[in-house]
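Before anything else, here is the set of structures, which you'll find just below.
After this come two complexes, each holding chain A, first together with chain B and then together with chain C.
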Partner chain A sequence: MNNFFQGYNLLFQHSLFASYMDWFHSFNCSLLLGVLVFVTLLFGYLIFGTFYFKSKKIEYQFGELLCSIFPTIILLMQMVPSLSLLYYYGLMNLDSNLTVKVTGHQWYWSYEYSDIPGLEFDSYMKSLDQLSLGEPRLLEVDNRCVIPCDTNIRFCITSADVIHAWALNSLSVKLDAMSGILSTFSYSFPMVGVFYGQCSEICGANHSFMPIALEVTLLDNFKSWCFGTME
Partner chain B sequence: MPVEVEVPPTTYERLQQYKEKFSDALRHPDSPDWYKKETHESVKKDLLWAAPYDARFPQVRKQRQCFAYYVDFHRCNELMGQDYKPCKFFQNVYKDFCPGFWTERWDELLSEGRFPAKFDR
Partner chain C sequence: MSRLKFVRVGLPFFAIVLGSAYGLHFFQQVRFDFRKIKQEDDNLELLRSDLTRSGLRLREGVTVESVYKEVAELDTDNWENIRGPRDTEDLTDYNLIKKQQQEASRKVRELKSNV
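For the complex of A and B:
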């Protein structure tokens, strides 16, 4: 779909929450466009208008009042969907069924699963000579993080050195990984597939080469994967 | 002595029990259970466990909860004895939350007697 917002749209979203976030983003962009057009027309009127003395008026209290009312109305328009999104996200966080611990390193990610020994692995980017046909460049990793679908997953994100950010664009997930701080969020993945992300906080020379690959699969497949991997 | 508290098994323990009971084979590809929601829900309920919500730590940042449960586990062992079964709940929670390299570091400090917490009160 080609429109004014083509370059501003988010990627194709893979969960209901991310679709709401996409709508909210487009809504705010349309408000921005409205404000831009309005202010441009107002400046054009003041510059090119025939009523010369009106544009030179020193005190215009009603205009000052309008400059307060219009931004307030715009903020109130933004407030309703914003709070709705927060509330909906809170509903997703009521409980968790599985915990995945993510640790950022320079320059790779480590994953642990709850207290399962053996399910601790590092996730490095695949180099060009390791890629198979169809695997995306600079995004595929050697060990993907595998999680079951339709399950509340709690991610505990921290860092072992500098600040990283664990981000998945198509699921509207982004959380800083800071040393000594354990940030958590809960998410339920409704779609089976492989989703990619990248480190989103500048962390050094290879910041662009520590991708995130998340493989969402059925619970039975996840169970078999655990049996095959754990000690 | 307080009433006996049943500690729920962790995900790893449930996986072990499941493997002993059913073996680790994947379900048959033609099984109709692939299309039954009740089967998936029951497997999820039986197999997955995560530390429950603790209202003392409602924030997004959970390092205090991680540390508090680690200390509570060792305090429970100190005050109630090593063979007190409900102490395992604290261990389950901190192993669920804490990154492995944190607890390894703390265990090292504990063995050297330099861990910055008191377990006798």
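For the complex of A and C:
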């Protein structure tokens, strides 16, 4: 889950797929930094060094070969993890899963557990006077979406009006919610915890005031939550 | 000469040792992948059976298509732009709209549960 670059850039990622994504991002940034440093040094040398044009550098085949090989190697280094991530994402889409339908409305999300009829609710942002001690302002909601850990969950995301986006940055998830279109993705959560996100598509002024709070919990707790909510 | 020997003998040797370990790791990986997927499937089965045993009626065969059918029925053409809530403003209007929304969705859910 953790990696060498942690603490320098993105949030701590709370799933295997998300941490691979994080690693890939850090890897690409390092590569970019390497290229940037190399080119800067070369330019510095060309500008300030005692370099003068040598006739033998005309038609310099070996130099041209290097200029083709090194970029190719860099692209290959990016391609391998990129493709493996793509295949990994494909493998996550399993057939057996618990389906959660997420609908974006103006200023709230509604969640519907398609496998459990009757288990559906709206999730509004808590206003300042509703907040309890320790709850984050602008992120806490009145009804969190609760899901069990280590179970394959399929989220079906859509919107009832304008375009919204269901995004959780500590899980590397961002899916646009569009009316009439169903975006789906499967995910399995290896860690318990509460994860916060905000609508990430400009759906109107103050669109970020429709936060997403996802509570990943143990299987037994999820069962008791189901009964509690149904009653 | 000794360098040439390393290229002829040493490099293939290391390539076989390291390469085969890398190749074998794919076969080994299947085991871990299967175990993980099986655990997830088992958890889901356990959840379903426990919920059913406790008296909840579960819907079978939920697919993306069946969810899409529900989505297609949503009336997405008629909506009004609603001004979002702001901490620093008077929220009377917004709270009124919120109450209406909650009332409307409660009615829809009641209708659904009666069907």
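Here is the rule we use: the second predicted complex is superposed on the first by the 198 of 231 C-alpha atoms of A that agree within 3 Å, B and C clash if a C-alpha of one lies under 4 Å from a C-alpha of the other, contacts with A are read in each partner's own complex, and residues count from 1 in each chain.
Everything below uses one rule, namely that a residue touches a chain if its C-beta (ideal position, glycine included) is under 8 Å from a C-beta of that chain, and two chains touch if they have at least 3 such contacts.
Quick caveat, the model's predicted, so the values are computed rather than measured.
**Student:** Sharing chain A, do chain B and chain C clash or fit in the superposition?
**Tutor:** By the criteria stated at the top, chain C and chain B clash after superposition.
**Student:** Count the residues of chain A touched by chain B and by chain C, then name the partner with the higher count.
**Tutor:** On the superposition, C touches more of the residues of chain A.
**Student:** Applying the touch criterion given at the start, work out whether A:219 contacts chain B, chain C, both or neither, answering first, second, both or neither.
**Tutor:** The answer is both, since A:219 touches chain B and chain C.
**Student:** State whether A:124 touches chain B only (first), chain C only (second), both chains, or neither.
**Tutor:** In the superposition, A:124 touches chain C alone.
**Student:** Contacts for A:183 in the overlay, against chain B (first) and chain C (second): which applies, first, second, both or neither?
**Tutor:** After superposition on chain A, A:183 lies in contact with chain B alone.
**Student:** Go through the superposed model and pick first if A:104 touches only chain B, second if only chain C, both, or neither.
**Tutor:** A:104 sits against neither chain B nor chain C.
**Student:** Looking at the overlay, what does A:204 touch: chain B (first), chain C (second), both, or neither?
**Tutor:** Once the two structures are laid over each other on A, A:204 reaches chain C alone.
**Student:** After the superposition on A, what does A:96 contact: first (chain B), second (chain C), both or neither?
**Tutor:** both
**Student:** Who does A:151 touch here: chain B (first), chain C (second), both, or neither?
**Tutor:** both
**Student:** Could you say whether A:115 touches chain B, chain C, both of them, or neither, answering first, second, both or neither?
**Tutor:** both
**Student:** After fitting the two complexes on their shared chain A, where does chain B collide with chain C, if the options are 77-85, 95-103 or 113-121?
**Tutor:** It is 95-103.
**Student:** Per the definitions at the top, what is the overlap between the chain A residues touching chain B and those touching chain C?
**Tutor:** In chain A, positions 94, 96-99, 101, 103, 114-117, 120, 148, 150-152, 154, 156, 158, 160, 180, 182, 184, 219, 223, 226-227, 230 sit in both the chain B and chain C interfaces.
**Student:** So in the complex, the part of chain C that touches chain A is made up of which residues?
**Tutor:** 33, 37, 39-41, 43-44, 46-48, 50-51, 54, 56-59, 62, 64, 66-68, 70-72, 74, 76, 79, 81-87, 91, 94, 98, 101-102, 105, 109, 112-113
**Student:** Sort out for me which residues of chain A touch chain B in the complex.
**Tutor:** Residues 94-99, 101, 103, 112-117, 120, 148, 150-152, 154, 156, 158, 160, 180-185, 218-221, 223-224, 226-228, 230 of chain A touch chain B in their complex.
**Student:** Along chain A, where are the residues that touch chain C in the complex?
**Tutor:** 91, 94, 96-99, 101, 103, 105-108, 110, 114-118, 120, 122, 124-125, 127-128, 137-138, 148, 150-152, 154, 156, 158-162, 179-180, 182, 184, 188, 204-207, 209-210, 219, 222-223, 226-227, 230
**Student:** What residues on chain B touch chain A, complex-wise?
**Tutor:** Counting only chain B, the residues touching chain A are 10-12, 15, 18-19, 24, 26-27, 34, 40, 43-44, 47-53, 60-63, 66, 92, 95-102.
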